[in-house]
């Protein structure tokens, strides 16, 4: 066994133990340690990715000394490694981007606790990605939820009440979701007698072949899908999103929007492919339900966003719409659709984080007021943020050369391959949603590029800042923009990776 | 290696355009030379390319294995390249004088130049995806040009433009995807890329998709009911309205419609279906509607914009006839209308620039003060009306010829619409002329003191355009032959 | 190439005048100053000489039967082509006569209208265009000159620069354009279905060519009739005439009313008899519609003229009515009717020209525009009023004036034809209209010579020579052609015989 | 409907009913404490379900006594383990929720989430 194969486990262990460590460090040291840690984890996962690509096949990694079907396992394939690397990178950028806000908004004494949450979150994400054991997955889902909740509620001087309320709402929704998830897992366990994904799949294939327990199986599938859908804020379970994303501190908001919900979706995809089998899922028609809600979400999210008067809440609503895209892709029920969804996970993560970071950059120079009126001319006050926001917005709109375009193409192509009703709805929904996206994003772009005359600016006490004054954000924005372009222009290798990864799932 | 010239032509204005705000040229004049230089070099290269007619393709980059951005020059593309390459340097020259007193000149010229490159990109695109990419880019790079003055009106107009354009593109996108998935190849092929025998069971669906796609692209061409944005966008500086909203942007829409109809879905698929009927009805309605609105409109540039709406639908009418002759007519009008409309817009711009008037009723007596401008305006008006001997007549002739060869009742209705629109054109163009030259006996000319003809930078383009209008009108055969050659490839 | 000379010469000469006027404007910064007498006489000499030379050339060319020339090709199958035939000769002759006479008349008249350079410039150009229209050898060329005629004659209406004239000129433009585009529609259709657009006596249609497309071709021809009928003042596009004529200078109204409306007739003749062929529309709904419209116009025009108090407007309505006589004569599609129509074309040109010139003299000398102010005018200007009287008699159709002959032929043509009730209705309406004509014209004569008692009779002095001589010539022609019409009738019957 | 089947699995049925009660409480109750109670009921129901699944009548805990090594004698230990893990999770979640509730109560003096929302809106932050 190659040494590299240990790395996934190492990264989980490293992150989980760095949590307690961070509590003991001072704020500054905690920050530096976290940066290093994420860097290391990223490097480890990169090595894993390279290894898996070079061998061309996935491997399972036994935890402890019990072999399957009893022990706990980690499974590593191309897709898992890719997601892990990706999450690390985005996490890194999200954390460095929010330094100023954290210093300003979070109480001095609680700042290092933020890093604990980040550690736990990263740990749970990586574990979710790699695990081969469904109950382990459940446990890490809960850890994920708890740490995300921590990120939202962390003592925020500006909006304490809001964040508290938001985190309660978030928790309640999540608990509903995890309750259903757990029930689903119990059902499956009861049906199959296994917890390891590969074994479960065999058992289920057996069940399907013999025609036994069809109804419980269907119930289990429903419970799992709905549970994870609730947790990932699929319409209509999105009521917590705008508050949570809109009032949490910058890093939290970008982390939550770009990764937490994506982790759940990835888990769902994994369950579909690795536990239940995609054929069975397609046969169960659960996908149709997801598809419908995905489409409604796409439209409703955008409509809400249009009415929104605060830039952050607008971006949050846009997330709801984008989650809708992903579920719509899943709902198409083809591999191409799933590839598109996964690609959109990447593209949306990059774009949404970019939007949050740049939106903060813009509100920072507008007295932290986020209603649109105050944002007039913000792009001149913070030029980099203006450009970055524009890029993000264009990507959301599906402008060619940016990542959003490629995922749109992939969705549409996937849609053309399926039955005509679904295809029709998908294409029309894509078109309408594009228009709606245009409406609210480009409205904002135009707004921030409309100059405010110097006097009013002075009167309101708006400042101008350059990129150097907030290096963290500058670096993050530049990196996100570059990633966006890379995803938009050089999509081929990434799509291929996703496809091989999915093939390994089968 | 001759195909290398294609990316150069496209990228040169884009890359050098980006440098305009940053070049360390102090004097205004030097900057002017720099801008004009870029445009001229590009135009010359473009024309060289047209003469050279490279046949090979050039791939700029790949999205995926089968999705890429690549260039190839073909007949229809040549036409569009030709229009852009010939009009842009003149328009730039005009813009120098017009923009004299405006702010943010470097930014303006930056986007102005980039737009040139992007338009050429549309013309040279080899496949529908590349075209779509440049098409979207065009929307974006023209955005700052419309919003230039940053007034409330301009912002409103820009938003409208943006929503309409991107909304249209979103529906056009559906068609793009279908072509990518079902087409034998994504590259433009005369007669379409769909294998109708193999796709026999999908005909209905493909027709629907064609309809959506055509509607999508026709947003830029301001087909009813997607036409409101064009007059609103008239708030932009005149060189922009003239060049972009009479030539590049709207013609890009028409060009895209031609591509989609004749080179992607193919006339064979759509001909005789409900899609053709519905589209044709819309187009015919637009032809008349645009003119009627032009008559009602008193703002001079918006009036011309409505006239553009109507005239663009002439082109679409040719396109939707789905016959080679129809394509000939469409291409004719595409070329000729570019010249005519850019002239009238430039005149309007010169008038607005020199006299700071915006409304038609304020133009009384101006003809005496700006005789050259108004004479040119009148000539362009006559051409638009389709007086024989001017280019407008030739394109009308070609379109009517195509429609009557087709012979269906709708096509004949289209011809009637053309003529009604010509009459309405006479009304809204000639009233201005007559009132400008004959304001009434007691007109007090002292009101117009200080109003005079513009300088050579504006007059030179005028002169050239007038010559062009007459030459095209009197000797249209070479053009028609050229277009016929293109269209014959469809047979 | 000789054929081009009479077309281009006046156009070039006119352009020279226009450019000169334009340059003058630029130089003087738009402050209008009346031309000096010396300058004026130069202009007059230049214009009249130009007119005479071109007229001579034009008639010479007209006499060269079968001369033809292709100028250039708009498209391969769309040549700008000129050819001379007997019809061209007929038209070009009376056009030239009228133009020269009116030209001479204008030299005096235009003194009080200013901007003479511009007037004569356009006057020459219009003449060139009209000659071009006559010599047009195919439909497209005809259309080209037809449009140019509208555009170049528009400045006549605009001439005095008042607000009403602007409005009237726009009305003129839009009506003409509307007509032209209707015509263009027909041309589009004929281009598609007719074997050729070149004028051929008797029409170019063969049974093969319209097989199955008869319906649309008939629609097209109807469109062209209405369209070109706009210029000829035919209902429903007649309304421009009464607006345009009163505001134009009188020589211009004379030309508009006697010549330019006839170009509508020419275009219709070319379409019906040289493209479609009389047999193609004989007995179809087109013929009946055409007859109905023309008769309606005849009656309506006379009626309106009868009620009209303004002199020039009354004459304009009279033109509406009289030109439709011609159209009715054409519409019956018989040899006699056709002869009558052409005769009436020629006669009406002279008569109406004379009438307008009279009106011009009244305006010039007495500043009278209303009919009621003409009481006793015969006392101070007997020559003018006598000429007017002869012309009126001609228009009414009282022998031995020429009008009688043409109306005789028209009525005969109608009676000979096979057109159902129209055989009798037509002549009856013509007769009623003639009575109305007598009513509205003789009223002036009677009042002029025998003023009502108690009216104060002003003395206006004598009319200038350059004005009454052309008038006399025209009145003389009215009478002379009535007495000795044979040559003309023979000539016209050769044209007619080639068509039927 | 095969009620016999239901009767023989009455334990599971009860668990499901409890789950439903807990779920609806969590979803519908306005009072935060009642919500948390609902959550606990829901989770407990789940553990009951798991424990029932893991128990087979006549078998003993998987600890080798008297040298009996036959598979038939023992139950599978994993469900019990899962129950334990689950309890840990739910306890920590409850703790977090309670602490959040306390902070909200301190701040707003009410446990009604909707009221809190109204207050927040009034504050307008």
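So that you can tell them apart, the chains are marked A, B, C and D in the order they are listed, and the count of residues begins at 1 in each.
Here is the rule we use: contacts are C-beta pairs under 8 Å (C-beta built on N, C-alpha and C of every residue); 3 or more make two chains touch, one makes a residue touch a chain.
Computed from a predicted model, the values in this text were never measured in an experiment.
Asks: Central chain, going by Cα centroids?
Replies: If we average C-alpha coordinates per chain, B lands closest to the whole-structure average.
Asks: Taking each chain's centre as the mean of its C-alpha atoms, give the chain farthest from chain D.
Replies: Taking each chain's C-alpha mean as its centre, the farthest from chain D is C.
Asks: Where the CA atoms of chain B average out and where those of chain D average out, how many Å apart are those spots?
Replies: About 67 Å, centre to centre.
Asks: Go ahead and note the Å separation of the Cα centroids belonging to chain A and chain D.
Replies: That pair's centroid distance is 27 Å.
Asks: What is the distance in Å between the mean C-alpha positions of chain B and chain C?
Replies: Chain centroid spacing, chain B to chain C, equals 43 Å.
Asks: Between chain A and chain C, what's the gap in Å when you average each chain's C-alpha atoms?
Replies: Those two chain centres are 84 Å apart.
Asks: Two-or-more-chain contact residues of chain C, please, as numbers and ranges.
Replies: Not one residue of chain C touches more than one other chain, so the list is empty.
Asks: Two or more other chains touching the same residue: where does that happen in chain D?
Replies: Residue numbers touching two or more other chains: none in chain D.
Asks: Quick one: which chain pairs are touching?
Replies: Final set of chain pairs in contact is A-B, A-D, B-C.
Asks: For chain C, which residues are in contact with chain B within the complex?
Replies: 22, 25-26, 30, 72-76, 78, 140, 143-144, 147-148, 151, 158, 160-163, 165-166, 169-170, 173-174, 177-178, 181-182, 184-185, 188-189, 191-192, 216
Asks: Touching chain D in the complex: which residues of chain A?
Replies: Its residues touching chain D are 70, 135, 138-139, 142, 145-146, 149, 153, 158-162, 164-165, 167-169, 171-172, 175-176, 179-180, 182-183, 186, 189-190, 193, 195.
Asks: What residues on chain A touch chain B, complex-wise?
Replies: Contact set of chain A toward chain B: 394, 397-401, 406, 408-409, 412-413, 415-417, 420, 427-428, 430-432, 434-435, 438-439, 442-443, 446, 449-451, 489, 491-492, 495.
Asks: Please name which positions on chain B make contact with chain C in the complex.
Replies: Within the complex, chain B touches chain C at residues 368-369, 371, 382, 385-389, 393-394, 396-397, 400-401, 404-405, 407, 412, 415-416, 419-420, 422-423, 426-427, 430-431, 434-435, 437-438, 440-441, 445, 473-477, 480.
Asks: Would you pull the chain D residues touching chain A in the complex into a rising list?
Replies: Within the complex, chain D contacts chain A at residues 19, 22-23, 26-27, 32, 35, 39, 42-43, 46, 49-50, 53, 76, 78-79, 82, 85-86, 89, 92-93, 96-97, 100-101, 103-104, 107-108, 113, 116-117, 119-120, 123, 125.
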